[in-house]
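A quick write-up on the structure given underneath.
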């Protein structure tokens, strides 16, 4: 395009210098690292006040406990980036969690090979979860139903579906090869922690490096503009809800594997709130168009640490709820202040 | 002085946008405010009305020191404002939009009948006959702008501010607006008028304040400053002349036809449009507001479904169902409404610019950052986009600079055909000349351009031929040598005497 | 007043209501199943409602049974006080009510007058039995982690009360937190509490689900349930009793959800005009290593 | 969505409501009996009230997840205060609701935190406070004064809670359709920044709207306490979702800017009716719906309603 190179560059083009005064710089710092600061102060508090906190076990314990939330919250981050929300994650966890044992326990159809049974138990539930996500995306893109309502359908019905699979009964089992995903170790690291790390890295990479990541943000930021720029907005959204479904499915299977049992009524209850809170505390606006993947991870860590801190220090559940609320507000407020300087 | 703003400073995220800027408006005066895109005009206005808070400086209005913390305060004090990017409340009715925040009441209840009647009366002053009970979103950008102006001038204010009110209006509507401004003046109401169209300033303004890079450069009576001087002090340099090139030469019927559209139909807005764009030419598309130009462009681009007609690209029949199909054939569309259909506000200048080229920047699903960066740097420089860095969110850019980024979004795809819908809307004279020149040069390099514009001057200067739409139908194709303002006007008004949207909608 | 609870005529078949409080745990589901099975066996029509954990909805459920003209209502009240209006409405409509597994506030409604009777166990007593067994069998004191049920629910409140009050000198609850009656939450809470209190040697869980979660937590922390830490539970489902056999749970008090036979038998007695005692007590078994092996087959 | 289509969608709710009533009347004995109608209305009065508050919040483009927990907290406060007289009980409950609303409003407008997050946090906090205040169990109301009359007595043949709903909805309709502030609420929902530039007192209005939602939750809490003789800290879970669903089924867009008071009531009644129908269906004995099927049916029903609406409202040309 030779024309461009000959085009005159006007006097006012090009970057302008950026200066921040001390106060603004502090605010910006607080915003960027506010959640980190909250996290650090929580750590410090624990080191000083919580008995037996400084231990290797504490670390692995918290990592294993936070793993499922983080996995689900990664999907939630993407969904929120497209301007949506996914209330159905808990129910999808229940569906995947209910299906898996049914498969290797031969409750659906007898599967001749044991290995095949376990292999199917590890994959079919994810397909079901993907289907749930696809259904959400379908309602949202085909009928233009608002995400909060569209996913409310599965939020209500999904758990019931899971319960009808299991006839409302608890499925207990002992199947080490399947339970590896919840109880196994690789080089001394719990498998679920490895799963979490992989999911986080993949999501981070997706958002930061891939064209799809950019498209997600564009769709969330201005769907009309995205479409006119040649992005298949509906397709992107459907894909994201499928991803969210699959991640919820993984989390559901991990939970079931840890517990030697699947309880369709309980697996993943309130997970949607935990995941959304992690996203918000992590600094992603719920209005879409942005995704702070590592922020979400940090947000989940903060909430996990709050939980163990309160538990270990004997704060009753009721009071813990109030403290948790205050911390969420504080963290999000720190972020939003820095946005506005 | 009615208004006097002194030594105003303002910076966003450490970038200083206003530096000791000042502005004065006398009672009953029409003051023009001009400056390049990003000079700080809108920011100055927003600081006055309390939409932004100033960092330092003083504001006197009507003899008292003021510092409004929200637009409501300025409104109460007698300052009515028509903002540049304001779209009012789209789901509310026309009448409600005009009277929001000062609804007529009866016993404390909303007096709907009076509101309706007064709204119709006010609009009649603007030669608009609308169904005032219909939501604002049902109407075109021009009508919405007129409603916003009507809202502003009926507030019984001492000062009416209009930030680029004419950018989406046609000549007739501009005339109506000017009459209104003169009436206001006769009533002793002052007006602050922002526009990039110099002829408008000379038509209606008494004095002009010139801003450059956040500073006030000068203040002159309109009659004492020539266009050339005005432009020079505004740009800080001479205007790059946009050569009205000799239009004959290579451009003839021997060029291969790139786009051929025949008898397009869609809904009630497009009812038989045919047009042709040859390779390497700029085809103009003229028409009054609501003539169906935007809709035609969207049809061709695959953004809206087509009810009938044929579109052929390079002789091949096409049936685009989504914009992406058109993009694959090397077609781009710079849409008319930058805020709603153009920018992705949260994304950076870089990300906005490369949105349409993503498929080409993708290597195994991953964006090639080095190439991306190179492209972005090149276009920022080539188009003179004023931003603190390519990483600045586009929402922080001034309107004109946003428009440049959007143009760059398509130019970097190296398109065969670029459809530009009001490409210079809200763009300063300097940049405007540059953009037109750029389009011309690109056309010379083989790009086909379909240019929709409400500015006849612009069409005449740039287009190789102009298709005129009237009421959803193509009524004439004028070759370069047939182009004249009168001729265009005559064709545009063709079987369209009504002009009021309400009449047609009813 | 002294008005009697409404009478029930003797018929071949009845339309009876069963207002369940929720069905989000295996115990409730077993209870519902037992009621449905028994009704089916007798050939009665069962109008079943599920209040999904809301006392207010349960009142509405009972009202809709009244509107449908059932002969008798079995009510498993979610809470002591909020269900009083439901009991009163049924009485006013001439429909007898039998309470299952939880009672209503005795100061506001009386058995024999406002409702027929209450069938069930005593949650406070369950807690107390666990505490007594512990103190008999584990001499020399204990540091106890308590996993409470859902905060605010009456079994959680009562099982805590009965247990805590029966503890003697030397037996201390070092941490007590809600595990929400759920396996997963119970596990997570147990994990965190074990980390903070590594010297704890007893975990008392308010139900089997949380006890199973606690066992997972112990195993994950490298401790041996039954050896390093004793686990105590309430409910006595098959999985838990089997865990007693396996030595993972030290002892468990039964709280049998199979209400069907006893409920319908009581109804029949009432229809015959028998005087019903104000509290039809469930006899709850107690499983510990001494009897678990023999009893595991009969656990629910 | 053009407004004529929204009107169609609203008509859809009313039609669905009528159809379901007709279905019930023809199929079940006692369905249209006075007893059933009154007890249905009384129970659903609480949901109708929180849905009304939610409707206003949603019209501004916000959301209030705290309504259920606020109602529970209010019921506890009302129960505790009722020992000082029935007026104290009512005041106590309403103030608790208003307090939650105030915190929501201040956090949202003052700290500028998104409504979803702000009210998610107050939901947790209100829930925790209710449990703390109540000592983890239900709190009896005073039975020696006429506080319980609110929930028990009828006035002109209708339960008092139903009258409260009638008044609240009339007030809501008046505010939205006949008072200037109603137009402003909708304008804010259309675009907060724009509304502010238009000179509206956005913050003040938003604060008012969240206070109103809190007040409605408080009123529901008072009804809850007095009609069940106890303040219940664990009630109200999931009410926010019922309320949101009612509002949406009532044709109000979650994006704000449009809304209807009347259709919200229809939406709330419609969702409530589903429970009643399920209960009656179980009584038929044809199919005994096990508890796990009930949520499935409710979910499918919600699906049917929203898809129906989407179809009714669907524009011919779907330019997104």
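As written, the chain order gives the labels A, B, C and D, with residue 1 at the start of each chain.
Assume a contact is a pair of C-beta atoms (placed from the backbone, for glycine too) under 8 Å apart; a residue touches a chain by one contact, two chains touch by 3 or more.
All values derive from a computational prediction rather than experimental measurement.
A.B. asks: Using the touch definition from the top, list the chains contacting both chain A and chain C.
C.D. replies: Both chain A and chain C are touched by D, going by the contact rule given at the top.
A.B. asks: Quick check: more C-beta contact pairs in B-D or A-B?
C.D. replies: By number of C-beta pairs in contact, A-B is the larger.
A.B. asks: Determine, using the mean of C-alpha atoms as each chain's centre, which chain is farthest from chain A.
C.D. replies: Comparing chain centres, B lies farthest from chain A.
A.B. asks: Measuring from the mean C-alpha position of chain B to the mean C-alpha position of chain D, what distance in angstrom results?
C.D. replies: Distance between chain centres, rounded to whole Å: 44 Å.
A.B. asks: How many angstrom lie between the CA centroids of chain A and chain B, rounded to a whole number?
C.D. replies: Computed value for the inter-centroid distance: 41 Å.
A.B. asks: What's the distance between the Cα centroids of chain B and chain C, rounded to whole Å?
C.D. replies: For chain B versus chain C, the centre distance works out to 71 Å.
A.B. asks: On a C-alpha centroid basis, what's the spacing between chain C and chain D, in Å?
C.D. replies: 33
A.B. asks: Out of chain A, which residues touch more than one other chain, so two or more?
C.D. replies: Only 168, 224, 227, 316-318 qualify.
A.B. asks: What are the residue numbers in chain D that touch two or more other chains?
C.D. replies: Residues 131, 136, 290-292, 294 of chain D each touch two or more of the other chains.
A.B. asks: If you look at chain B, which of its residues touch at least two other chains?
C.D. replies: In chain B, residues 303 touch at least two other chains, as defined above.
A.B. asks: Could you classify the connectivity of these chains, where an edge means two chains touch, as line, ring, star, complete or other?
C.D. replies: Chain contacts: none of line, ring, star or complete; other.
A.B. asks: Which of the chains touch, listed as pairs?
C.D. replies: A-B, A-C, A-D, B-D, C-D
A.B. asks: Would you tell me which residues of chain B are touching chain A in their complex?
C.D. replies: Result: residues 11, 13-16, 36-38, 213, 235-237, 240, 301, 303, 322-324, 327-328, 333, 335, 340-347, 351, 354-356, 358-359, 361-362, 365-367, 378-390, 409, 411, 414, 430-431, 434, 437-438, 441-442, 444-445 of chain B touch chain A.
A.B. asks: Show which residues of chain D lie in contact with chain B when the two form their complex.
C.D. replies: For chain D paired with chain B, touching residues are 2-3, 174, 177-180, 182-184, 186-187, 189-191, 194-201, 257-258, 317, 319.
A.B. asks: What residues on chain A touch chain B, complex-wise?
C.D. replies: Where chain A meets chain B, its residues are 1-21, 24, 209-212, 214-215, 217-218, 221-222, 224-232, 289-290, 341.
A.B. asks: State the interface residues of chain C toward chain A in the complex, per the touch definition above.
C.D. replies: Per the touch definition, chain C meets chain A at residues 23-26, 29, 151, 175-178, 182-185, 187-189, 191-193, 195-198, 209, 212-213, 216, 220-221, 239.
A.B. asks: Which chain A residues qualify as touching chain D in the complex?
C.D. replies: Per the stated touch rule, the residues are 85, 87, 139, 143-146, 148-150, 152-161, 163-164, 167-168, 223-224, 227, 233, 264, 273, 276-277, 280, 285-287, 316-322, 324-326, 328-329, 332-333, 336, 340.
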